[in-house]
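Have a look at the structure that comes next, please.
Going by the order they are written in, the chains are A, B and C; count residues from 1 in each one.
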Amino acid sequence: MAKEMYYHTLPARILHWVNAANIGLLTTTGLYIRDPQVFPFFASMDIARKTHFIAMYLIIYGILIRIYYSYVSKDYRELLFRPGDLRGFPALAKYYLFLSKELPDYGKYNPGQKFLYNAWAVLIFFQAVTGFALYFPNASAQLTRMLGGPLLFRQVHFMLTWVFIVTVAVHVYLSFIGGWTVVKSMITGYFPEGEHMQPSSERVGINERL
Amino acid sequence: MPERLVIHPLNRGVRPVKLELETEAGRVISAKAGTTYYWDFENSLKGKDPLDAVQLTQRTSGLDFVSHAVAASRALEELAAVKLTGTAKLTRNIFLALDMIHGHLTHFYQNVLPDYIPFPGEGPFYGGPGDLRISPEARNQMLKNMWRSFEIRRLIHKMMAVAGGKAPHIFSVVFGGVTQPATTSDIVKMSSILKEITLFVNNEYSHDLENVENAYPEYYQIGAGAGNFLAVGEFPQEKQADFLIPARVAVDFVPLDLERNRISVDYTGSWFAFPDGPEGSPASASTPVPGKPGGYSWVKGAVYDNRTHQVGALARMVLSGNPVITRLGNRAASVLGRYRARLEESKMLVNHITGWLEQLEPGEKPAKAAEVPEEGQAAGFAEASQGSVAHYISLKKGKIDRYNVLDSFSWNLCPGTRGGQRGPLEEAMVGTAVAGPGVPVEVLRVARSF
Amino acid sequence: MKAISRRQFLKLCTASAAAVGLSQSWIPAVAEAFKKAAAGDPPVLWIQGSACNGCSGSLMNTVHPGMRELLTEIINLSHHPGFSSEAGNLFTERLTKTAGENRGNFILVVEGAIPQANDGAFNLIGQDSAGNPITLVRLLKDLGEKAQTVIAVGSCASFGGVAAANPNPADCVGLEKIIGVSKVLNVSGCPPHPDWIVGTLAHILLFGKPELDDFGRPKLFYRGLIHDNCPRRQYFDNSIFARRFGENGCLLELGCKGPLTSGDCPTRLWNEASSWCVSANAPCIGCTDPSFPDLTMPFFKRMPEIKGPGITSTADAVGIGLGVATAVGLAAHLAGNYLTGRIGRKKQGEEGDI
């Protein structure tokens, strides 16, 4: 059996699952609030809204703590997306379009992951701004009207939710095609040394096979 | 040598009007009447949801708002081929009729009366014109009724609110019908309010007008104008095609059926131009051009067969053959004739509202489920206290592309046309004898009779 | 000495709303106080700008005080275009004369927006004795300077409202853009409730300027959100939504702007506490909001549509479309993974080796 290395620290794992749960709750309650008939996930608006309002504070705290933890644990070195990471994108795209067999070795996280995880923090910031503008309509009234009015905020808040749904779906999908070891690593913290997070192809290109 | 006389503003109307007159030998020989303020927000409907028109266009008039809500809805319903439920039809009839009565009371007690009786130091009613003939006893009674008319108008709006949410600017009229089903308690409440309104119309309003008629009989000969009338038809009955007041036009008192496609717009004297689309088509978009040569009014002039037509209560009563107005013959086209037509219409409408309230069936669906089509052109018509209202809408990709509203001002205050015709109000002022120097009360009475 | 304290008055204005509105609780004490306050007689000059005059129409629906009491005993309405017997020069001259004589002492009430384009050519309110036209914008700049307090009645006068809706060729603006913000009180609404108008006037006469919110509106009447005090809140909380006109339930899906609009309509009710928009199954259109009507349209849809180059779509369609596209994309990618042997096939290959 391959040697297991300590891959995700306990705080990182806890924060991952707490934030995941909150994003899940915010998304499902959010969809329900948008239209309970199309997305009948909850018993009533009251429950959905209260859940939404609790989870919205938790996600903000969760993200702030994650950023703080990133700073103290120094894992921002591997997590923070830098302009230089852009250079890694072509190879990444080639791999995901089945044009190359293997994912190049980028270190702990590939540029796509870095970009996505950083983007989530930014997205959550925008969700918080638009969300609070709708939650405290009077406090932010002047600003909201200047920026295009509460209806626009409602629309942006809703559209960003879909960005979350799409990106989270991609994230979950890629974790699962990585295999059980990848999913397990976020639970136990250990990942077999020498294994890849993403599978490699036997051959390049789909057409060859067909 | 003609003398020039400008009265600006002619106040107490829905919009301030500028009158430019020429008098010679104590008579008005030429007249121009135009509004000097721009009130046209149809262009802001471009690119908007079609249903928004029903709310937004109500803001055309704080007095005749129901007619705009109904006309906008009818245009959309024509596009979607929706047939209204009985409740929707009756409820709208009630709103329209109430709005007309409200308008008639406002007209008589607020616009007309101060030209006949002085208001001694009470509130904002200061001053007083010359030529006052009404006896002090009658005057006191009329003053009392003037104050009472505020209460009655308040009750009319209250009655509208019971079924319509609020007034001014009613909320329950929507595309497809009305939002509120009739309930027994609402019907009872409305019937009870209606009794008070009916009593006031049939007694007080009626007596007060008689007082004016008795003291100023010659005003049945003043302010005639041409005998051209137009009504777009109102108060649909059981059968879709039936109207209580038929859609007709009359030239020199000879009535004919109205053909809607003969309505056109004439912006010769209006500060408007056509940026695109056929000139003269009421469905065309228009842009404001302040200071346009030859223009003198912010009213979009409307003509039928290139002829100006008078609209309003008098037109409706003449065209529907109201017995009292018919008996007046050609004298109906006069200052007093217009007052009388408004009273006769109010009397008729209070009776009809009673009937419509009885026909309302609690529990019936108030609105039809329907979708406005993505593309199309249509027109919606309605009658208001001041006169006919027409809404022209055209849709593109599910949004409003063009919208145009013609209201009573377009007809009665139609500025001079391409063919050199005067608008009905201008026509009515010409020939009026002017007694003294200064602001001639006779002209004011004629101008405010519309 | 005032017959009624400010605290009592505020209580009457707000708390009473729960019962039947300011109108009904217009107790004799208030009327008495008014007469005393009105002894100083600050004249009220009411000007109609670019408006439909629905605000004046709404004021006339006032009860307790009714119009007669209001006009003859409570306020000294010296000028109103809808009531004045005079016309032409006499009318405008009287207005300027009253304003000049009462400099710094009169209350200016304006209904309607002010068009600024072409030097105000879009609204000439009359002419002076020399025959020169008087533009509304010039008149209001002059009167605004002389007035003690200025009240903007209705959304047009407050924020531009319907008059200033896009594309606004006349360049209509609200009063605060013409006269200093500090001097203007906004009583927004299309039209405003008569109680809001009368109550604001009352507060000024009796106790001076009331406390204002961010948009210069008296907090007395515009504090709460429609949605928070809505009698149909229970429908919302229980997710019972009207989907079609005429249905009962929360009207959010029919475009109700209650969650974004301030006002006490749900508790005060309209037309002698008879009803209000939502009671008639009609969604709130946000008429008191500064962004009315441009940003509160579509009135009957919950969210505006998304406009892109050549496409218009609802936010729902875009969202669900994105979701479906992602699902399809991921499924295709998964298939690709199988076909390239990244997953699934590999194990078979290993078995084959044995």
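Points worth noting:
The rule is short, and it goes like this: a residue touches a chain if its C-beta (ideal position, glycine included) is under 8 Å from a C-beta of that chain, and two chains touch if they have at least 3 such contacts.
In this text, all values refer to a predicted model and were calculated from it rather than measured experimentally.
Relative to the C-alpha centre of chain A, the farthest chain centre belongs to B. Of all chains shown, the one whose average CA position lies nearest the global CA mean is C. Once the centre of each chain is set as its mean CA position, chain A and chain B turn out to be 61 Å apart.
Chain centres here are Cα averages; for chain B and chain C they lie 27 Å apart. A straight line joining the Cα centres of chain A and chain C is 41 Å long.
Under the contact definition stated at the top, the residues of chain C that touch 2 or more other chains are 294. On chain A, the positions that touch chain C within their shared complex are 32, 34-38, 44-46, 48-49, 96, 98, 134, 137-138, 141-142, 145, 148-152, 154-155, 158-159, 161-163, 165-166, 169-170, 173, 177, 179, 199-206, 209-210.
Of all the residues in chain C, the ones that touch chain B in their complex are 46, 48, 50-58, 60-63, 66-68, 71-72, 77-92, 94, 115, 117-118, 121-127, 131, 133, 136, 162-163, 165-170, 190-191, 244-246, 270-272, 274-282, 285, 293-294, 297-301, 312. The part of chain B that touches chain C in the complex is made up of residues 6-12, 14-16, 18, 36-39, 41, 43-44, 48-49, 51-52, 55-56, 59-63, 65, 110, 114-115, 118-119, 122-129, 147, 150-151, 153-154, 157-158, 160-169, 171-172, 174-181, 287-288, 290-291, 298, 365-367, 369, 397-399, 439, 444. Listing the residues of chain C that touch chain A in their complex gives 213-215, 225, 236-239, 241, 243, 253, 257, 259-260, 262, 289-291, 294-296, 302-304, 306, 315-316, 318-319, 322-323, 326-327, 330, 333-334, 336-337, 339-343, 345-346, 349.
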